[in-house]
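Paired with chain B in one complex and with chain C in the other, chain A is shared by the two complexes that follow.
Then we have the complex of A and B:
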């Protein structure tokens, strides 16, 4: 009787033991796959973006822009071009980022009211992206090698089965002290992320609001970020998404900041 | 820190060049006050970003004339890695309200009042752009408002008490004349103290307001004691000289001792390091001494001068003192 109980316990414990030994690598591999699925879908892309920023007072303001993306290497360098449509007082303003994962990003801005292009500081990846609750890093991605990942027991988000991964920054980081990612087991998109700050308090929550199939690519067409510490929430919606349009690297230069490529931006 | 808050009607009202120029003019006006250190606000952000954007060109350290340039300079600040929360200390994210930060070298109520007045005068003389309203906020401002409300509240309640006490005296002594006489110690005491405060230039503040009410109670006590005893004795002797001899033996001695005990008892407070304590100590000392002297010197002098009307010799005229007065004097 005692023996059979012991065997049962051992049998139950065995898969867990295997899982724990395998987690280190598995978790990082899942995060890498997720990063590529989420930030590097296809080779390039164009999308109309609507950003609804709700302040802690509950007031909403909207920003609309067109976003062009070109991947230079899968998981590596990327170029982003943003053309603002609304609010009207910043329309025609353009913004460009050359993302360099193992170095400092480069950013430029074109200010139409004074007709000047200037590089702007990119020291703080953690700062707000165009006044929203998303940071630059949330928009362009944090490289998976910057955190140490471990796999927690599987879970579900709605009717989707997810991996739950805990990430802890390798170097002390002010963005978060711990992050939990809930990654769809099928398409590897992050369906939910929880950012914990000081004293392990939940500070921000990322939610995938809508996932659709576009040109054969599983795409998150709406996402939100809520700041629980300071209050407020931003919802980003993507529409008119096109993939693999054949964007040329020459578009992502200072010249085109002043003169947006009319072929793509009407 | 005091804040001058400007509210617009619509989103983005605060980006308008005329509003920005008005804010800047208000900042410079408030800074004219020597108590004001610096006044900071949204126009400073616009100017600073513009200055930096044009490569630290000091000719660009000025407000632009068009709303888009202002909006884009502010957007630039949001984009270039500055913490948007820093910006939103000066303006709401909707740009419908701004905050001017008025730093003062001195937080005392008089100083705050003078700055508030200067700002209000500017608002009257130079009307803000249409749709824009202004109001003050911040702890020092709340303090002066609170103080103002409390002190004027205390002042009116003091006046009301004064009238009620007078009516009660008239009723208790069943005599308008005695009612008037009994009010003398407290009237003179309050007037003397206010005159002294005015003379040395101490502002009428909370401790003064509260202590004035206390004066009412303390001084009327002496008057009741003295007058009631005097009338009782006079009823028996029917001779005001004899009555005087007797009252200074009894009630007079009691009142003098009362004055001395309380006045000396409060002296240690004069050596406190806390100003409100010194005020309270000095006040009690003054209340006791002044109202004691008035009761012991002025009241007998008056009675002596007007003894024919105040203390008529016909014993039938003076009625017995109601029990309530007997009780009150204790």
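Then we have the complex of A and C:
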């Protein structure tokens, strides 16, 4: 009797186990999907960006800029163009990144007051993006193949069901020693990320503050990064977002770095 | 008084413009105070700067063209106790077809790869500003020019024509002393050099052919004009008058990523057209110069670069004989200069510490620029800094400024 009961339980459990394996996704595949949904939405995009940087002492600064993005290959090379509006000391300054996932990115800055084009060494992807608590890598994305991922038990963030994925860098990395990502099961956007540093201490927390539907693309229109180790927090808000506007690769060259394309940057 | 009236009228005009059209205006108000450190400096004033400056930037654009204006109004308390103003930039930009860009009017121009070393950049510099703590943008003096840039799949060709020669702005002895050929002098020795006559043939032509090869940018340069400093002398009515001798420059540069940083190499040949044989003691000899530089981020928020420049004077033997006969300073045939810049950002990039050092082992002189810039808020920033010169001889590039050591404090409100 006992045996048949056990068999029955096993028989009942088996389809469930099979079901989990069938629909349950591989952690790396989830991270890839998430990366594409978050960093490679549509083929190109334009957005007005407001960045509020709060220091550990509570002082707030605001930066406003326009950002243009062009995907050259899905999950691969990308080009970014940034035109600063505020504050006054950096207004009209432009900044360009050619993101090369399997190599070193290339970055240039143009300072209009001295008519100076300058390449910037892009060795350190962990350096701050324009003085904020986001790093360059946070803004342009870390390739999923650089970490080893494992799936932890599912969870929820607010009312959203999420995958929880633990990522450990394949090579020793100063950005983090371990990362937990909470990825929306429906749209694959990362709703929360926890970055752990030395002695497995939580050092930074990323939060998706607002997710909206724009031109049929589920878009994170506000996100924040809090630094728990050094203090301080940055909130980035996106507005006037447009997708698939047909940006040409020629816009991401020195010519347009010096002459902002007025068609897109008003 | 005329200047003052112009100031008022321009101000009123500027205020009227945004009412007429939706033109954007921004800018800053800045006060700069600086004083010399060396009591023995023969300058007329002990203050190297005491000024209030209002910069207004105006911008407008339509479908086919855009306009940009940058105008400075200054009250100068260190020198003239007078109002002054300057149109720093006032240009329009437009495009003809898809390959040709124009920028026409008063503009700041820069090219080349060096960090504060200019080999093929023969656009006007303002050392009066550079040495007293004004913002970096004032190192460049504006030129009235037409810039044309042609783009093709092969690269780009830039052509800048400056119809009227625009010289460098050098210390005059009033705030900053300099070497006048005999000794370090203050006010009273300065002659405005004779500038080339306003003829078409005396316009400046600067060309650059640029091409991206992989991640490297390579350029060829050509300049036809005049030495930007009064390097020559002519005798008029038995007195010596400084002039800007004719000059051609031919050069090349390469810049790109290497070893986690950026590397650049640039060279140029200075063809002194009024002294090709190098035997005229009143004119500069031709020379060849080159530099190599490297920059990288060495720690978080710490960027360091280094440059080495060398230049060789042609026909140095003749020059040496001439100088010795006149009992004048003889420079080395081959000079070397090394420079280094350190930039450290602290406190979420609110505080920027910067150090730039020039040192020449052959001229035995040097120049150190140090500054700390703190952004108190998005609008308000405070900077303090120092300019320190040293030299064994009075006649060298930085040695002549050795009495001009100064410190300054600067407040800026941006809007």
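Keep in mind that, in the parts below, the second predicted complex is superposed on the first by the 241 of 266 C-alpha atoms of A that agree within 3 Å, B and C clash if a C-alpha of one lies under 4 Å from a C-alpha of the other, contacts with A are read in each partner's own complex, and residues count from 1 in each chain.
What we mean here is this: a contact is a pair of C-beta atoms (placed from the backbone, for glycine too) under 8 Å apart; a residue touches a chain by one contact, two chains touch by 3 or more.
Only a predicted model underlies this, so the values are computations on that prediction, with no experimental measurement involved.
With chain A as the common reference, chain B cannot sit beside chain C without a clash.
By the document's definition of touching, of the two partners only chain C reaches A:262; chain B does not.
By the touch criterion stated above, A:86 is placed in contact with chain C alone, chain B being left untouched. By the document's definition of touching, of the two partners only chain C reaches A:62; chain B does not. Once the two complexes are overlaid on the shared chain, A:95 sits against chain B while remaining clear of chain C. With both structures placed on the common chain, the touch criterion links A:109 to chain B but leaves chain C unconnected. Only one of the stretches 3-11, 57-65, 75-83 or 111-119 belonging to chain C has C-alpha atoms clashing with chain B in the superposition, and it is 111-119.
Chain A residues in contact with chain B (one complex) as well as with chain C (other complex) are 53, 55, 59, 61, 87, 89, 113-114, 116, 120-124, 127-128, 130-131. Within the complex formed with chain A, the residues of chain C that make contact are 26-28, 57, 59, 61, 66, 70, 93, 101, 107-110, 136-137, 139-140, 149, 151, 156, 212, 215, 217, 255-257, 260-262, 295-297, 300-301, 303, 345, 347-350, 375, 377-379, 381, 412, 414-415.
On the side of chain B, the complex with chain A involves touching residues 11-12, 15, 53-54, 64, 66-69, 71-73, 75-76, 78-85, 92-94.
Within the complex formed with chain C, the residues of chain A that make contact are 53, 55, 59, 61-62, 86-89, 91-92, 104, 106, 113-116, 119-124, 126-128, 130-131, 133, 232, 254-255, 259, 262.
Against chain B, the residues of chain A that register as touching in their complex are 53, 55, 57, 59, 61, 87, 89-90, 93, 95, 107, 109, 111-114, 116, 118, 120-124, 127-128, 130-131, 230.
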